[in-house]
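Every chain is named by a letter (A, B, C, D, E, F, G and H) in the order it is written, and numbering of its residues begins at 1.
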Amino acid sequence: MNNELRQLLEDVRDGSVSIDEAVLKLKKKPYEDLDYAKVDLHRQVRQGATEVIYGAGKTSEQIIGIVNALVNNGQETVLITRLDKEKAEAIKKQVDFNYYEVARIGVVGSMPASNGLGKVVIVTGGTSGIPVAEEAAITAEALGNEVERLYDVGVAGLHRLLSHVDVLMEAKVIVAIAGMEGALASVVGGLVDCPVIAVPTSVGYGASFEGLSALLSMLNSCASGVSVVNIDNGFGAGYMASMINHITKVD
Amino acid sequence: MNNELRQLLEDVRDGSVSIDEAVLKLKKKPYEDLDYAKVDLHRQVRQGATEVIYGAGKTSEQIIGIVNALVNNGQETVLITRLDKEKAEAIKKQVDFNYYEVARIGVVGSMPASNGLGKVVIVTGGTSGIPVAEEAAITAEALGNEVERLYDVGVAGLHRLLSHVDVLMEAKVIVAIAGMEGALASVVGGLVDCPVIAVPTSVGYGASFEGLSALLSMLNSCASGVSVVNIDNGFGAGYMASMINHITKVD
Amino acid sequence: MNNELRQLLEDVRDGSVSIDEAVLKLKKKPYEDLDYAKVDLHRQVRQGATEVIYGAGKTSEQIIGIVNALVNNGQETVLITRLDKEKAEAIKKQVDFNYYEVARIGVVGSMPASNGLGKVVIVTGGTSGIPVAEEAAITAEALGNEVERLYDVGVAGLHRLLSHVDVLMEAKVIVAIAGMEGALASVVGGLVDCPVIAVPTSVGYGASFEGLSALLSMLNSCASGVSVVNIDNGFGAGYMASMINHITKVD
Amino acid sequence: MNNELRQLLEDVRDGSVSIDEAVLKLKKKPYEDLDYAKVDLHRQVRQGATEVIYGAGKTSEQIIGIVNALVNNGQETVLITRLDKEKAEAIKKQVDFNYYEVARIGVVGSMPASNGLGKVVIVTGGTSGIPVAEEAAITAEALGNEVERLYDVGVAGLHRLLSHVDVLMEAKVIVAIAGMEGALASVVGGLVDCPVIAVPTSVGYGASFEGLSALLSMLNSCASGVSVVNIDNGFGAGYMASMINHITKVD
Amino acid sequence: MNNELRQLLEDVRDGSVSIDEAVLKLKKKPYEDLDYAKVDLHRQVRQGATEVIYGAGKTSEQIIGIVNALVNNGQETVLITRLDKEKAEAIKKQVDFNYYEVARIGVVGSMPASNGLGKVVIVTGGTSGIPVAEEAAITAEALGNEVERLYDVGVAGLHRLLSHVDVLMEAKVIVAIAGMEGALASVVGGLVDCPVIAVPTSVGYGASFEGLSALLSMLNSCASGVSVVNIDNGFGAGYMASMINHITKVD
Amino acid sequence: MNNELRQLLEDVRDGSVSIDEAVLKLKKKPYEDLDYAKVDLHRQVRQGATEVIYGAGKTSEQIIGIVNALVNNGQETVLITRLDKEKAEAIKKQVDFNYYEVARIGVVGSMPASNGLGKVVIVTGGTSGIPVAEEAAITAEALGNEVERLYDVGVAGLHRLLSHVDVLMEAKVIVAIAGMEGALASVVGGLVDCPVIAVPTSVGYGASFEGLSALLSMLNSCASGVSVVNIDNGFGAGYMASMINHITKVD
Amino acid sequence: MNNELRQLLEDVRDGSVSIDEAVLKLKKKPYEDLDYAKVDLHRQVRQGATEVIYGAGKTSEQIIGIVNALVNNGQETVLITRLDKEKAEAIKKQVDFNYYEVARIGVVGSMPASNGLGKVVIVTGGTSGIPVAEEAAITAEALGNEVERLYDVGVAGLHRLLSHVDVLMEAKVIVAIAGMEGALASVVGGLVDCPVIAVPTSVGYGASFEGLSALLSMLNSCASGVSVVNIDNGFGAGYMASMINHITKVD
Amino acid sequence: MNNELRQLLEDVRDGSVSIDEAVLKLKKKPYEDLDYAKVDLHRQVRQGATEVIYGAGKTSEQIIGIVNALVNNGQETVLITRLDKEKAEAIKKQVDFNYYEVARIGVVGSMPASNGLGKVVIVTGGTSGIPVAEEAAITAEALGNEVERLYDVGVAGLHRLLSHVDVLMEAKVIVAIAGMEGALASVVGGLVDCPVIAVPTSVGYGASFEGLSALLSMLNSCASGVSVVNIDNGFGAGYMASMINHITKVD
């Protein structure tokens, strides 16, 4: 790279490059060397066969366009998140894909075989958190994970959770989903020795303040090994869980 | 009461009461009939032998004055809450009383015998909640309750709590004290069939926001039979617990 | 229990249990001993003849399914809370039950006779809090309590409240419901000597911030013997009141 | 004023004023016509014999300087608010004045005779609000009002307030000061037919959030005729009360 | 105010009304047995000829019922606030009244003559605050005040406000209404020497947080003589202004 | 800017416009008698050829009225912001103008030629911020700026931004628009040496709290040369950018 | 992890440890009678050789007592977090240990060899986050991880971060620590393909609101694979990172 | 700006500096291997002759080290912000510099001549905002701006501001600093036609919530051409103002 700089200075000296051009070139230097294609390639490597489209705020036309571009480019699996039923039906007319209504996810192409280190266990405190849980579950499955669902095992009826301790114990990573007081993350985190990704949900009313209560609860978890994603962010938790569950595969 | 009104009108007619006096008298009517002494007596009945002084924001001289007035008036037990050590020592020079340093409570006179329906069990999630717990405990004891303490049984190590389920099961009322994520109230509330008074504490840091996290958690408890008092309000919880534990004694 | 452990170790020594199996068994130990059935039985004991279904976020089909399962199992009374009119009508086509529209509660089966210690008095500051009050009232009635309603007696017209002091005085437990500034809980708490369960409501506008104002007010009540449940949580207050009102019946 | 404009345009035409000068002059027009001296005079008229210095954030030297300037200018009474004891003592070495320690107010010169329409009644819920109350009281007195103090009459012991209903009824304007749940303003507002200025205080702990609870409470008062000033703003309330109490004197 | 009561007493004194008739008229007074009608009577004693019904959260049937009861009882003017157009039309079929659509206020009976000390001036920063302003204006007019409106004179174009300084100067009390940054209250408060009632509105977007920005602004006003009511509470401001504007009439 | 005013003065100086004509044109100036039209004239003095109407909260009739008044008064370009499609169509029936649907802006009259110092570059983190970006862009164009759009270059895929560093480097002022975590402003601010106007958007969910997250992020930017406008305030950013981009033209 | 337990079982199987000895070692297990020491043993089963004491809120005497109990029980490494210098010096008089002042951590016993899957990289935006970063780093090292520190590479000077992309790329897990606007987590998350644990810090002033700004930013990260722990919770991040970095060792 | 870099390139072109010397000077450029010194060089390219050190959270030793490195590297002016008096005195023992105590800024080297487009006017609402104002003023001066100070001209006494309208009118850019209700920014923004950088301060009490009130106020300013920096961020405002005031010099 010193050569490039030396060449520029020589060009300045020779007058073949003006002072103004040289100043501009020198100001941009530090950023130009981060090669777009390299980064891009690297994203490919990371995400493997599955690409993700955030469906909310995109028209069905836009989504179809992106899907086609990806599929033509050889993409095996395409995940469309936050896809409501109406849009899904509009897209179905032109693209063949599976729609998971509860999870609000569309999957174009085949689901990959699970190739993670172990199981991703997804736990919810109640039934109202299931849409968020399914978003996490389908995401994880589409990224190549074996998923086990353990729903409606909230802490107010502890025996429901404790009677499934063996499922929890066998997990490689756990996604704990709860609204209201969000205590599930702490209780699960205290039971197991694997990472727990906590997802607060906006389920609740009054002083749950749209998920704030569960969010603060989870951030303050007295159990070690718990980290938190955004309210209702099932996708983010499923993605993070998959990353952890595939951690040694990269090497 | 109609007589009184009739008399007033007659006085107006006779000129022995002016229009202005009558207007004033008629405007005050609805409130005057709530008899001061009756209410006062009623407070005596309610609180029995124990009177409470909120020590914070009062000088030691003021506290001594009130204590003396109460004792001279025949009060058997006087509770002084939020009493810091310094003031306690200043008061000790003039008044004989027991000082509970951790609870920051002074008790003048003898502790009453416990005469409640059963036991008040006070549970904390960690050791840092103990000052709040002791405030609740001494308050309850000074109001005539048998108290059992169960400290440092937070949900991150659930077995600690579960191994004492029998103690919880025997309680008439439970005071559940926790900071950070405040999950203890929900877990305890789900295990027992007696009322649970939840006390959020300001223990924690960062996103605990001085107890807000635990407060919201407890208000959103998914367990039924849980109600909440102010952050760090051990006294309020002990008082409420005592009220519940003495509930049939009033009849 | 030492025998169980000893047996496990012998099995390890004998090779009939692998190291991995033994590690897993030893890790689960502390939680397995909390017997599911016992807890379950205990919940039965606690809630007696009445079971509760939280209707919000459940389809009418799901609710019908749960009701049938419970009734077939011998449940005498089933309470369905947060049940909107539309769902209620859909359910009515298949299940016979009473629908309390203002309270948004459905009751399957007969209302139990009141068997509490005394009366539960439910007080509101205005007329807008009545739906929350009715949720509390029907809940308490369905759990076997005699309920007295005292509506629209807010503190801005104090005589309305004071003229009913005798009703308040006779209560075993009071549920105080108010939106806006939530002062009712403190005023009632200062008048009576029984526990007061305060319910902030989302009634109000502007700086009431959906019930936050009333919630904070009630948590900061300067009256002793007041504890608080979530905003608009009439069910929780009714349940807690019933628990307190039945407290000696458990023994 | 058209003459002035016409003159300016003629000057432009004549070249005696440049385009740039004229543009600047035309841009400033709408604001220049608000005469400084007039406004100033008007402030004099309004505040009469008493001038106010906000002492917080000023050094004692600065305060002495301002006081001297005012006194030399013929000011009869000078009020220094938020003046802590240390500064007061420093100032006393050079200026003769009365220091009200609880109110943290210094008054230079004589207190004016009370010349308002009637009495300003200042009410507090507890003893901890007294410093704020005294700030309001001394302010009102220094502005020429007769003040009656009614302290420690909080709503948790309603009889304390009700037994003084006559004092409230005789007020021309009431300043109601309370921390914690701030219910006093609503209760007082519901009892009287004069304006109530509510002052939330930062007295409290936990969920009082430094006065936020009382502030929201007072803003949501269900009583008509209540308006609110900033947390702990005793001066503001005293000033507003004085304004109302002197309202017809201006004419 | 209180003219009606005073007249009754004079009639008693003069013998034109017998004691029995007077007792009949005053019977069912609030302090006697306090059913609904009695409440009203007591309010009348305090508030004079105008009664107020808060229309939000009441059905048109309920409103008609209350109006009829009041009118039959001799009420001259009845104000119905927060009355939306649909309800207003439903009520019109049975009750004759004027509906002020922008103010969302219905007025049954005749508007009283203005009998205050002077003018109430109502100022808004923009056009979006006009509904709140009209609520304040009609309220004040219905309570017997001469009202002058000064709309859309926000601080971003200061000359608009300054050119009407004379109107402000002549006011007995000013209601200052603004959303967004709420600066109007401070600027007006600094210009005049009469009380200013500030009303924050929920007009704005983003960081106005539904009126919070204007509310905080107004509470922190650096001008003396400004107090604040709830967000969008035009009625409260109009009522408070009327109280102040009638202040000497009580004597 | 101010060209029109300057031209008028030059015409006066040159004698091509008489004093009387000039007075006529300037008559009804804001400081004279300030009715609505006058206000506009004064704004024109400040803002030059483009006038802005905030469309939200105005009826289409009101908007048409204002537009006509402005156009009749010689206004070349009128900008109507926050104009939804429905109103736009209603207005189109009577006024000829261009409607930019994404930006929700209507432009009456011709777009001015760009006469700023350089380019205004408008950057967004994602596609959901484009409506806000277009509001900024059309505003800036209508105020005489050359605008370059750089959309969907959020920091999670840094190469997208870095590959356009040259566009950023050539900007005179940058408007950086982002929701969610709002990191774009800091990253852009760290790359360039021109002022950056940051616009947080309400795009996001959960803990984005309607734009609060992005707002706080941008206010705390660790890059120098970044200032912030209200959430979703594309107009404000475009206006500020234009002001900066025209800064030397005033001299 | 669990090596110790596994070793014990292998010794049992091999006969080198008798059943009685093993029972003795495992006796006082958590599920047996759960006093304080037993808790620790069970934690050891889960966490392997390193035990953690939260130092804040414990006296130095208490800490010494716990350390001794653990060491006597065979614990190789004991971590004491949130240990201020004063307490550290008091403890040093009785216990031999290394004190890391910046990290406020004490380590009793030897640091374990790193036995994770790869490197834990700890990144900070500025120098003020270094104490939090060191807490994370020492925690991770004490739990057997190789740690690489990359401090002061905030997004306002992006080249600082980009020039170390290779370090980031080699990480198995990254801990990203930032105050103020917290943008670092998103930028790092967008660059790498390993899990990122984000730690908001309370570094900043004004609208950073003690870390709230960074917290919200990180929760709203537009990059996938980012999860968040509590404000300033370096320990939690280090612990979580270690868990992830050791994930395959369990099998 | 960039003069130094430009000079170096000219020297290369002129032959007065050899390619090797230039490479040496530019070597360790940020994009090459980016150690600490290189960072500075790149910043210098952007910021010209003045370098800034954020003093808070750095020891005086660290500050001295950085200053020496910069000065040895040829830096003419070094600004040290948030430098408290104690540290300043410690540094003075080793480095010669001017300390501006009110602004808490140290300036090493000579102040540059002002070379901006015009004047930066700095306005405060009261005296308590002066430290923030001076931070902005010294920053702007150190970056080569002529600064005019206009302090204590808050909106509660509008004449104070209006009597200086000419100063405001002549500004190229205005920094408006206010605490409490922050109305100053809107009023100033409505008066002038240049960009206004608003700085909320933490001055105030109660509901000012440490500057939140002023911050929201300023973000919601109804005046166009106002943007906002962080609470108390005088440096940021001064920097932004300087950027704007130097905007055409880049070309």
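The working rule: contacts are C-beta pairs under 8 Å (C-beta built on N, C-alpha and C of every residue); 3 or more make two chains touch, one makes a residue touch a chain.
This is a predicted model, so every value here is computed, not measured.
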Check your understanding: Hey, what chains does chain B share as contacts with chain F?
Key -> A, D, E, G
Exercise for review: Mind checking the rotation angle between the two copies, chain E and chain H? C-alpha superposition, nearest 5 degrees is fine.
Suggested key: 180
Practice item. Look at both sides of the chain E and chain F contact and report whether the same residue positions are involved, with over half shared, or different ones. Key: different
Check your understanding: Hey, which chain ends up farthest from chain B, C-alpha centres compared?
Key -> F
Point to revise | Centroid spacing, where centroids are CA-atom means, of chain C and chain F in whole angstrom | key: 54
Review point. Between chain B and chain D, what's the gap in Å when you average each chain's C-alpha atoms?
Key: 37
Check your understanding: Can you list the residues of chain B that touch 2 or more other chains?
Key -> 27, 30-34, 39, 43, 157-159, 162-163, 191, 206-208, 212, 215, 219-220, 224, 230-231
Check your understanding: Which chains are in touch, pair by pair?
Key -> A-B, A-C, A-F, A-G, A-H, B-C, B-D, B-E, B-G, C-D, C-E, C-G, D-E, D-F, D-H, E-F, E-H, F-G, F-H, G-H
Point to revise | Residues of chain E defined as touching chain H within the complex | key: 125-126, 154-158, 162, 180-183, 185-187, 189-191, 204, 206-209, 212-214, 216-224
Revision key, fill the gap. In the complex, chain D touches chain E at residues 30-31, 33-34, 39, 42-43, 45-46, 52, 117-118, 172-173, 192-195, 197, 215, 219-220, 224-231, 235-237, 239-240, 243-244, 247-248, 250-251
Exercise for review: Would you mind writing out the residues of chain B in touch with chain E in their complex?
Suggested key: 1-2, 5-6, 9-10, 12-13, 15, 19, 22-23, 26-27, 29-33
Review point. Where on chain A does chain F make contact in their complex?
Key: 24, 27-28, 31-32, 34-36, 39-40, 43, 56-58, 200, 202, 210-212, 215, 230-233
Point to revise | chain H residues touching chain D - in the complex, by the definition given at the top | key: 127-128, 157-159, 162-163, 165-166, 169, 191, 193, 203, 205-208
